[in-house]
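Okay, so chain A shows up in both of these, paired with chain B first and chain C after.
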Partner chain A sequence: MSRLYATFKYTLISVWAGFVVGPFMWAVLTSFKDANGVQGGATYLPWVQYEPTLTGWQNIFGGAGGVDVVRPFLNSAVITLVASIISLALGALAAYGLSRYRFKIGFIANSDIIFFFVSQRIMPPVVLVVPFFFLLQWANLLDTIPGLVIVTVALLLPIAVWVMVDFFNGIPRQIDEMAMLDGCGPFGAFVRAILPNSVPGLTVAAMFCAVFGWNDFFFAFRLTFTEIQTLPQAVVALNSSIPPWWTLSAAALFGMSPLILLAVWVERYLSKGSLPGVIR
Partner chain B sequence: MTLDATDLSLTVDGVDHLKDVTASFQPGRLHTVIGRTLAGKSTLLRVLAGLQRVDSGSLTRHGADFLTTPVWRRDTAMVYQQFINYPHLTVFDNVAFPLKRAGVARDEIRRRVQESLARVGLTEFRRRRPSQLSGGQQQRVALARALVRGAGILLLDEPFANLDYKLREQLREEFKTLFSDQGDAVVIYTTTEPAEAMMLGDVVLVMHEGRIIQTGPPGEVYDRPATTTVARIINDPPMNIFTGRIAGGRIAVDDLQVTRVPAHLADLPDGTYQFGLRAPDIALASAGLQAEVTFVEISGSETFVHLALSGTGFVVQIDGVHDIALGDRVSMRLRPERLFAFDHSGALVRSPSSGPGSPEGR
Partner chain C sequence: MDGLRRHKSMFLLPGLLTLLLIIVFPLLFTIRVSFSGWNVSNPEMDFVGGANYVKVLQDSRFWAANLRLVLLAGGTVLIQYLIGFGLALLVWRNVRARRLWRVLFLVPMMTTPVVMAAVWQMIFHESLGPVNDMLAKLGIAPVHWFTEAGPALAALMTVEIWQWTPFMFLLMLAGLLSLPKEPFLAAAIDGAGAWRTFWKVTFPLMAPVSVSAIIIRLIEASKLSDTVYVLTSGGPGSATESPGYYLYLRGLKEQQTGYAGSLSLTYLVLMVITLTIVAALLARAFKVPRQSSKAKEQ
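Up next, the complex of A and B:
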């Protein structure tokens, strides 16, 4: 029984792992091929089935006949970083307020406000893009980095609020109360007693913000024209009538790399026991 | 220097959490608030600390309004039932936290924190995090933090309730010494345990369903519980309360004569009363009232026998371990000289410590 279960379990995990890792591995293989390697049918073994080259990788760093992805990379990095920091700061404050204080505006209570935040993510982006366009046009921020930062904050803030409300709800209220009894004002209690104990929650929220901010294609695509190009746009722009698959693969992998590194680095802050002794 | 509460009331969803609570807390005295779970003890402390608003009533300190004083200016320290410390700070920094906020000089902080940690026996643990300590040690950190400031008001919300029995005894013993030199501080300590309330308190306040139903020195509350409710709350096991009739010099429950009328009840007019008798004041005898055993608890040094006597339940406390089976029929004898008499509303009419003819003041 248990052996059957184990077999079943590991088969399922293997199939799923293949499903997830397959496309990624395929991109890795393709990024080291050239036109000949790509067109000769499916090949898997470098040096045996095809001759690996660095053409794709050279192309994305300004090689002949390629595109420069460094500039879009930096744009994406600045937008994601700034928008994430703003979203985390505002989101944590909003979430703390929603976690600790009761609001009542007519029939609107805390849960409604939280849902209002989350609902921003439920809406299809297409609905938002037209108002965003006019807003940015009015503010003269179309096709600029600050413009995209503002839009990205609007996308990330709901995630930050959602994650942090949940996290703050898990921190005993008595800790804030004790900080206030010990002489802190409400804001002091938040900064001195709650925030230092919120590293795991902030890490999760930051991770979500980074992923969503980094991966945004749609808004950058619709709200920029000639001046600003983000990394996802640059990658997609490579997709011409005869796509240079090796360059495309290299650009995609290059685009993924920061998030992969981030995930590896952040993992330790998410490990268990991050909040021991808080709740007994 | 007193802390005076007048008619504090708080109703949440139609339930009275506090109802007309009036009390005067004196400096330099230890007040114990005893009541069952949800009696309003914690709510009272939270109101005094400023963590909870009230619907009505007033609270004054040194005669000045205290209700509008924000929490952080109330000069109040609190120890919670749950072992609440700052998880991200070391033991030393936990205790230093209130001093830092108060702007105490660095050297002074060091000196006072070390002194405070020495008193709770945690000097060698000062670099640890609360999570690396046992429950008892965590609660000592909380005590040290409450002590270190020399706060004017010290609130302790069942501080030892979550500790195991042995540790509770030990900390309770240390507690009196620890808090003996708190000077003019108003100390308020809540508990559900009668022994704890009696042992620690200079003044005992009995709470029930949001009200303070009796206030007084431990001996007085114990000897003269104002109502049957108080009598139940301040005795463990709760005082046996039964309805009986005085007629012709005898006390009867239903038609069963249970005992003679003792001297201190001799002048009560015939009629129906509620009688109270503590569990140790009932004995199992070779002859007497026949009762059925419904439950037996053995604590080790004592055995608690639950009996049913013509529909009324009694708890009898006897020394030592006794082998008594459920359903046994045993004989019990009441000690009439230990009887409390209450009227039909539950108010005390006569207690064993009051002589005949000396009516209880309400």
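Up next, the complex of A and C:
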């Protein structure tokens, strides 16, 4: 590998890395500013160009005149977790069925059912949100955690099926057959022989569920009012006409921290080589 | 194996029924409401025939938003694909600090789009943001990021590219890592250089992954609305409105539920047709053999 090529390669990598890191750096810097640090124009160096304060961080953790982000954080966590578990369970079952058995209902075959699941991703949340409003109102679930869990499952289930069908297709059928020869029923074979071999696939599906569940804004925005607030809502509410940018930045960083950690974990999986076969 | 037959629906039905229950009502509701004059002053499921659809045809703002989406989604997804594939090739092998780069390149897709849009708004702020500040240091006049149409679109595209290139990167890197080694050995034995190896071996092998990655991203990009809502609110004027955001304005903000219903269905039908055509064209352009999911089921 020539030296010129290496220089070129690392330059490109560094440029993109800088672009990726830039917004986070700006949020970190801003979270330690106050009105004085923001109003004079853009400043970059703490202590040199502006006096760092902890106001922003105090504001999000119960400081006077601050906002509560801890409760929204917990709400988001519960909703994401429960909706992901339901979606993974239903999605893995359905995907296994679709991968192992042939379904034929009139002209509808397996590939059409898979397409039906995946095609739900095409529905923009805006289209769904009005009917969901009436549906939840009818079930008395507006502004509640169970209500949000149900609509989030609609977002996540297609992803779980999409990832898991491909994954199960890659597991040899002999594994099921051996388990059934050992006396397991079809369901037992799934639980005892297939699931333990599916950790990589389930992990990827869980990652996508976590990302899309945690980051959903629109459903929470229109289907909850006073009782339940999720984290993206809490942060966007801070983004008013004269934003307290330091509080906004601190809240943004706090709210995204769990998923940034997730990126570290996904990479570990990728490098161990468990992931490549899963996503295709 | 008759026992299997009975069991197979046990696997499929819970998930299928759940999704049907959650999705079918909204869809039927939207179809029905699109033929009604339901709005904020008249919240009733009456029947007005195709009046809403006639209005949709004449709604130039809606069609402009659709055209804009084609350019926005097409443009950003193409750039995301090129950069994502490029980055995946760069950190695929023979690179120092490989894992650091991989984590960094993945992070943006994990972040909440609306929250990042709020952060980007600070960054593009016309007098207090770092972008205009740095441009000033280079002697460039401040850009009116949110009060001029061109710059506002550029800002929106920048945010989309920042957020979703990692998704392409993830799919393309996973694809590269799962490639068989033999074709590369064969190319090396034939004495093919890096350039030739890429076009004759890597690119064709990556074609199926490329097509599905591009289609998934196009589907997701077509729903663009959260980021628009926070970053530009569709402005200046309606210069950055996407169909998703326009639906939000008509349906939720102005509560023209009936009209928004017919807008939604028109939009959905357009999306399905466009994406089907695009998928077929992509498969042809990338010379993907007719294969995979169908063949595997047999």
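One rule holds in what follows: the second predicted complex is superposed on the first by the 259 of 280 C-alpha atoms of A that agree within 3 Å, B and C clash if a C-alpha of one lies under 4 Å from a C-alpha of the other, contacts with A are read in each partner's own complex, and residues count from 1 in each chain.
Methods note: contacts are C-beta pairs under 8 Å (C-beta built on N, C-alpha and C of every residue); 3 or more make two chains touch, one makes a residue touch a chain.
None of the values given here were measured: they were computed from a predicted structure.
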{"item": "Contacts of A:174 with chain B and chain C, given as first, second, both or neither", "value": "first"}
{"item": "Chain B versus chain C as contact partner of A:153, first or second or both or neither", "value": "second"}
{"item": "Residues of chain A touched, compared between chain B and chain C (which is higher)", "value": "C"}
{"item": "First (chain B), second (chain C), both or neither touched by A:124", "value": "second"}
{"item": "Which of chain B and chain C A:185 touches, first, second, both or neither", "value": "both"}
{"item": "First (chain B), second (chain C), both or neither touched by A:235", "value": "second"}
{"item": "First (chain B), second (chain C), both or neither touched by A:97", "value": "second"}
{"item": "Contacts of A:260 with chain B and chain C, given as first, second, both or neither", "value": "second"}
{"item": "Where chain A meets both chain C and chain B, residue numbers", "value": "185, 275-278, 280"}
{"item": "Complex interface listing, chain C residues touching chain A", "value": "3-5, 7-12, 14-16, 18-19, 22-23, 25-27, 29-30, 33, 83, 86-87, 90-91, 94-95, 98-99, 101-116, 118-123, 127-130, 132-134, 162, 170-171, 173-178, 208-209, 212, 216, 219-220, 222-223, 225-226, 230, 243-244, 247-248, 251-252, 257, 260-261, 264, 267-268, 271-272, 275, 293-294, 296-297"}
{"item": "Contact set on chain A toward chain C in their complex", "value": "1, 9, 12-13, 16-17, 19-24, 26-27, 30, 38-39, 41-42, 44, 90-91, 93-98, 100-103, 110-111, 113-114, 116-117, 119-132, 134-135, 150-151, 153-154, 157-158, 161, 166, 169, 185-187, 190, 211, 214-215, 217-218, 222, 231-232, 235-236, 238-239, 243, 245, 248-249, 252, 255-256, 259-260, 262-264, 266-268, 270-271, 273, 275-280"}
{"item": "Touching residues (chain side chain B, partner chain A) in the complex", "value": "49, 51, 70-72, 74, 76-78, 80, 82-89, 97-98, 101-102, 129-133, 135, 138, 145, 149, 162"}
{"item": "Residues of chain A that touch chain B when the two form their complex", "value": "172, 174-175, 177-185, 188, 193, 196-197, 275-278, 280"}
